[in-house]
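The structures come next, written out as structure tokens.
Both of the next two complexes hold chain A, though its partner changes from chain B to chain C.
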Partner chain A sequence: MEATRANPHFLVNRSRVRLFGLSFDDCIRVFFGGNAVVSIIVLGLITFFLFREGSGFFGQNRQNLIVYRQAGLEYVDFIRAQQDDHTALTRYLSDLRLRQFTYATEHAPMSVAAANASLARFDDFAGQFGDTVEPLRTLVSDLTEQASAIKTKFTVMEDKKEERRQLLDEGRAGDAAKVVITPVDFAAELKPILGTLPAYRAASAEFAQGLERVLATAPTLPTPELQARMDRFKLHTRDYLAGFPAVTTQLEAWDYTKPVPASQAFTSFIFGREWLTASFWQDWYGVIPLVVGSLMVSLVALLLAVPLGVGAAVYVNQIATPAEQKFIKPCIEFISAIPSVVLGFFGIAILGQALRALSQVSWLSWVPGFPYSERLNILTAGCLLALIAVPTIFTLAEDALNNVPRAFKEASFALGATRLQTVIKIIVPASLSGIISAVLLGLGRVIGETMVVLLCAGNRIAIPDFTAGLAVITQPVHTMTGIIAQEMGEVVQGSIHYRALFVVGMLLFFLSLGINYVAQRIVRRYRISIG
Partner chain B sequence: MVTTAPILMDTRPVAPASTFRPTTTTPAAAGPGAQAAPAETLIDIDHVDFFYGATQALHDVSLRIENRKVTAFIGPSGCGKSTLLRCLNRMNDLIDGTRIAKGSIRIRGVDIHQHDVDVIELRKQVGMVFQKSNPFPKSIYENITYGLRLQGVNNKARLDEVVEKSLRGAALWDEVKDRLDASGLGLSGGQQQRLCIARAIAVEPEVILMDEPCSALDPVATAKVEELIQELRTRFTIVIVTHNMQQAARCSDKTAFFYMGKLIEYADTRDIFTKPANAQTEAYVSGRFG
Partner chain C sequence: MSTPTPSHVFQANLTPARRRESLIFGLFGGATYLVLLCGALVFGTIIFKGAGTVFQAKAPFINTSFLLDAPESLHVFQFEGKKMELGDRAFRLFQAEHPEVAKLKQESYIYSAGGIFPCIVGTLLLVVGSMTIALTLGVSAAIYLNEYARDGMFIRFIRLAILNLAGVPSIVFGLFGFGMFVIFFGWNVSLIAGWFTLAFMVLPVVITASEESLKAVPKGFREGSLALGATKWQTIRKNVLPYALPGILTSSILGIARVAGETAPIMFTAAYVVRDKLPWQVDKFSDFFFQGVMALPYHIYVVSSKIPQNEYTERVQYGTAFVFLVLVAMIATTSIILRNHLRNRYKW
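Let's turn to the complex of A and B:
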């Protein structure tokens, strides 16, 4: 103390290393703070980029829908839908033929030739039924060509406009003026299409008559069960026929100038049931098949991963000996070290094959959906995704179990509870919110997983057929992550397709954000309740 | 008026500290509120050596705990009193590597560490209240009924009855009767501890072990728990571990003093605090060490 008083210079900051006027301590602070700031900036940039690229989609999609209407594609689609419904009915007949054939060869033993011969009358009926649509078919193919032509003209005009704009941007006004833009006069172009309405009425009437006539010749089938199906077919056909006037009314009421509301650009994306790109006719960007695909795969994955992950966590935390713990924990955590592409590869090469072989074992045929032939489907992808979710769920659930105060366990034992009773009634309920958030984070992990679903989900862009019941899990689907990975490399930058993929990315982003947010909330509440 | 059998003590010379002589209780020196009825031995601890792995925590401990009496274990930290308490309902089984190397603990003549003893049944008979109050993160009602439900009692009327009886028994009924469905964790520290006591008595055990039940409570809550112990002593045999010598003096009938894993002296509480037979006991109770 005396020395300090004697030397007044003691308190003066003596020559320290300074960098840009900052002391050493300041530099360290800037370094660590800077790292945090960088990550926040990167997150902000990603979000901004996602939104900037994605936001243009809705305008373009609306334009897409407007062209669909103005070029008359919508008009033609009314008639095409009518034709497609007929095709569905023909498929029903083919199915019925297959059933009769099976019946003939198996229950009333006949040779294949004899069976086919016995079906001659039915085949004749089915053939005639198929031919009734002919008048409509000719009309539709004509109209399709005309509407496509209008759309092409419009596309050409848009391309020219774009060319001129680019030239102007480059400052070549002279060249720009030379670009010829032929404006499309939709009213004039649509005249021939609209002019076919009388022809349609005639074709439709002929078609209806044909159906009535053929239906009257429907053969009776050998068993009540088959006959019931035939009756159902007749019923469907009558319903179909009853719908004809409605189509005519639709065509008559159709107006190409009717505006497309801005909200439709959004709803046709969010609720759209079709994702159809690079089509010769009309592109649709409906995200429902992808969302359903992602959710189905995640659901199957969670159904498998939750019991596995939570069960393993309970075992390791409550029951296992220290030696078992030392072995099991690293093993499960090691799963997350497997690259997902390797898992996907394994899924294609081994799991898909094995599951399909299993499905074809005869004594397992009671399992819904068995046997199946699509090797890559929801089930295969779900099984592999479960493997990806297990380490996440296991680790977090084990943490949650670990955080249950030892005192609860002791109190339970002291009251005469067995180990199992303690686990079920005290430990798991006390850590339940922790376990739920573990499951949610597992879900987030699974929904965002790309490689495995791209390789193993089958990549068929369609809403799976839920009328199949549980067998739905043996159908192939496509997912939100898969479609981005698959199509992003091929699309033209700035095109509507490109932007649609970004919007799918945004949707994924919000989904993950929501899941994580809910999980965090639950964890926080859980911390409070445990104290 | 002789209340106890002579206490079994090892007569062999052991550690230097064991210069004390076996002590017997004097007939007149009963604890506060002593009963005239002759006391019977409920728990007979007989020459017990206890190990945590390679570490010996109890050295040749022998004492007899009397039925319907409050017995206090006192001694400095690490002297083995909690270990002995947790042997009485085999809570030490939960810790790996623990064992009783020698001796036995008999409750009503049954050696509770035999392999054929149902430890679940034992713990129903020997309830426990812990140092830190540990109600389950459930409602007050569910906390009380937990033990009964484990035994398969699901009759609502019976459960209601037990909840009221136990909470009244733990002097908590009036404070919580309007919020039985509220979480047990929402109570104050003292209330939580009384809830734990209520939970323990709900299964009607014969013995209640209390491991420093008041060490985390303020003086007012402590007084309430002590009052409660006085009421419970008529129905249960209570063994209480405490650091608080006043507490031992106030609410126990008999006191055992432990030091370094050995039982130094066991006698009527009044004798321990007024005329201890052993110099170490005297030093401890008079506050000269520990």
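Let's turn to the complex of A and C:
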């Protein structure tokens, strides 16, 4: 009896299970809490794994650039650039020829043969102009071979090193010792290339003379407009000629031992204008063409989607009858459920052709870029992406409009404003922050969209030609998302190309986080409420 | 003076301002219906052109071989003045009977004959697996956020993470899944890698949906239960979850549509271009999780980009798109209808 008094006997006497000092209820709470943390963990893991796979890129890219310099590829590219500029000039000439030809056949009606005959003198001039580069071309092709040979030697050496390393890893030291590694003596290897400098000087001088001589024989063209073009061509050529000494000094000053700064591995990625992989000469990983492609496609998509999405939101929220609302909202939700790959297929199978056919209708030829021949281009992809962005923009903008306090509208009506004035001057401005963030989230959706751009943007890796003006939207591009989807399956794991794709993914990831952040800030900062 | 006099007092006066108003409102309405028209156009085209593949004039009216066979190559050739279009198996049988066929000029198109059964199965498996993971994680997270958490730094941080996770592009999830599950964990291209990748992608949708449903359960339900002496967990299990569950499930169906529809995340984590075996034809039980599968969205990508477009390939292209679109549309419709139904049912 005494004992029970000391330990009072409760009616409810359930032994509590304790785990690490936690009661059952605590355990459950911790379990749920743990699941809530998953989203943070996933976000962290995404960052980590993108960095893990991508971070090696910059080191490899620097190595890539160092080899580019040490093997003399950079040296050869100076001369090649000179040659390429000449090619650009000849292209200008052939464009000029086309203009003359069109002029001859359309304005001064001539048969095709007669038009060609009238251009004989011009053709002669163009042909001679094209031939002047010959001495340089021979030199470049020789040097290309030599430099590639050095690079190949270096690659072979690297492969051998890798082989030895692997053998050592497997513990086969004997076999490893047998792998002969002949280090590449760049100084000795580069000697023949550097020795061509006098030859280059001679070739360049001959080239310059040839250009001068040919330029003096330039024909005069029939119309002032064409002649102006010819004069511009002459001016370009003179500028080009004036640049020759600069190339020579560049070549003289070139030194293969000059170190490649670490920052260049980064800048050549961020500001690089070329994305060139699996090339026999030199791979470039410049992200600009992809970023520009993504932005162009998104811009076209938003230009279409913003008026439609916001217009529809205003209509449904302010103007439509309840019956209409009940019909339209689920329909737009339905559109958002269309899988992007189906839209992409629709673009390839139908929209691409339809838009091209539309562009070839004669009374639409005033539209910039019409008619065009590439079926898959910025415009096609943009139109489809607009359909993806509209539901996002619509839903969020409609929410924002819904959140405008009723009193605003009533006050406006009470002051005698019409419905239109109320919508345009009160409701929309009041919800502007929400609408802007809706547009931004739409942008995020469009930039991250993969399948549509992969299937419909044309996949040409080049910065679109902005000199074409608005017609630029009818050119094919490649995008950040598209390149990852397209090339990821084909690359060797751990190669520089593989890592480059992860870095592009990283860029996309941070871009989307940034857009999200700005959208949230705008909503929070400019939220309007009563009182 | 110039405005026409109304025939009765209450008739609207068509002033220029009013005319401008109706014009601009008309523009807004036009934008709305243009969007709907575009959506209907996409739906209509795919359904109209794809119906030819999936349905047929004879009983049972549904082209069962398209739905239940594996993809095959299509062989097209002229034989004794007739144009023959045969799938791989039929072609081999035919060749055994008529050996001279081998010498005939023939064209072949991959994936253009047979059906898409492995793709349908693969997509279903991916959806079921990833939704199981996503629902487990998502509902638990939502319970924590709505029932247990006090507002503070930590919770705000979690919400921020969820919000940001929702904005991450699907291809980045694909890269992440590839880097983590396929390479780091060494799971290779497999169902399980695809499950986790898709589950993480759809997690924000599930969490948001679940939280909303939990919020809709009145506070009094919890207070009543707690007042009777139930523990927190008993309250949640008996008095909150049963009322929130229908809402959670229906809202999550929208997540299913997303999981089924995405191609980019499974491209390098789970999808094979072609696979002869069906998922259940495995040697060991554990192999089931570590096998790649064919999936409808990826199959559409393959047949629309890797094979030419002509009258022979069109059949499978539109057919696959049709089946896929109908599948996703059905899921979306179910979700929308169920949600509306539910809104009317629980009112307290």
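By our rule, the second predicted complex is superposed on the first by the 493 of 531 C-alpha atoms of A that agree within 3 Å, B and C clash if a C-alpha of one lies under 4 Å from a C-alpha of the other, contacts with A are read in each partner's own complex, and residues count from 1 in each chain.
In this section, a residue touches a chain if its C-beta (ideal position, glycine included) is under 8 Å from a C-beta of that chain, and two chains touch if they have at least 3 such contacts.
Not measured: the values here are computed from a predicted model.
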Given the touch rule stated above, what does A:Ile426 touch, chain B (first), chain C (second), both, or neither? first
Looking at A:Thr418 after the superposition, I want to know if it touches chain B, chain C, both of them or none. Which is it: first, second, both, neither? both
When both partners are placed on the shared chain, which of chain B and chain C touches more of chain A: C
Touched partner set for A:Leu508, first chain B, second chain C, both or neither: second
Pick one for A:Ile484: touches chain B only (first), chain C only (second), both, or neither. second
In the superposed arrangement, which partner chain does A:Leu50 touch: chain B (first), chain C (second), both, or neither? second
With both complexes superposed on chain A, which partner does A:Ile348 reach: first (chain B), second (chain C), both or neither? second
Footprint intersection on chain A (chain B / chain C) at 418
What residues of chain A sit close enough to touch chain C in their complex? 24-25, 28-29, 31-40, 42-43, 45-46, 49-50, 52-53, 307-309, 311-312, 314-316, 319-320, 328, 330-335, 337-346, 348-350, 387, 390, 394, 418-420, 424, 441, 444, 447-451, 454-455, 481, 484-485, 488-489, 493, 501-502, 505, 508-509, 512-513, 515-517, 520
Note which residues of chain B are touching chain A in the complex, please. 89, 91, 94, 96, 120-121, 123-124, 127-128, 130, 132, 134-138, 146-147, 150-151, 183, 185, 196, 199-200, 203
Sites on chain A touched by chain B in the complex: 322, 405, 407-418, 421, 425-426, 429-430, 529-531
Under the touch definition given earlier, write down the residues of chain C that touch chain A in their complex. 17-18, 20-21, 24-25, 27-32, 34-36, 38-39, 42-43, 45-46, 136-138, 140-141, 143-145, 147-149, 157-158, 161-165, 167-176, 178-180, 183-184, 200, 203-204, 207, 231-233, 254, 257, 260-264, 267-268, 297-298, 300-301, 304-305, 309, 314, 317-318, 321, 324-325, 328-329, 331-333, 336
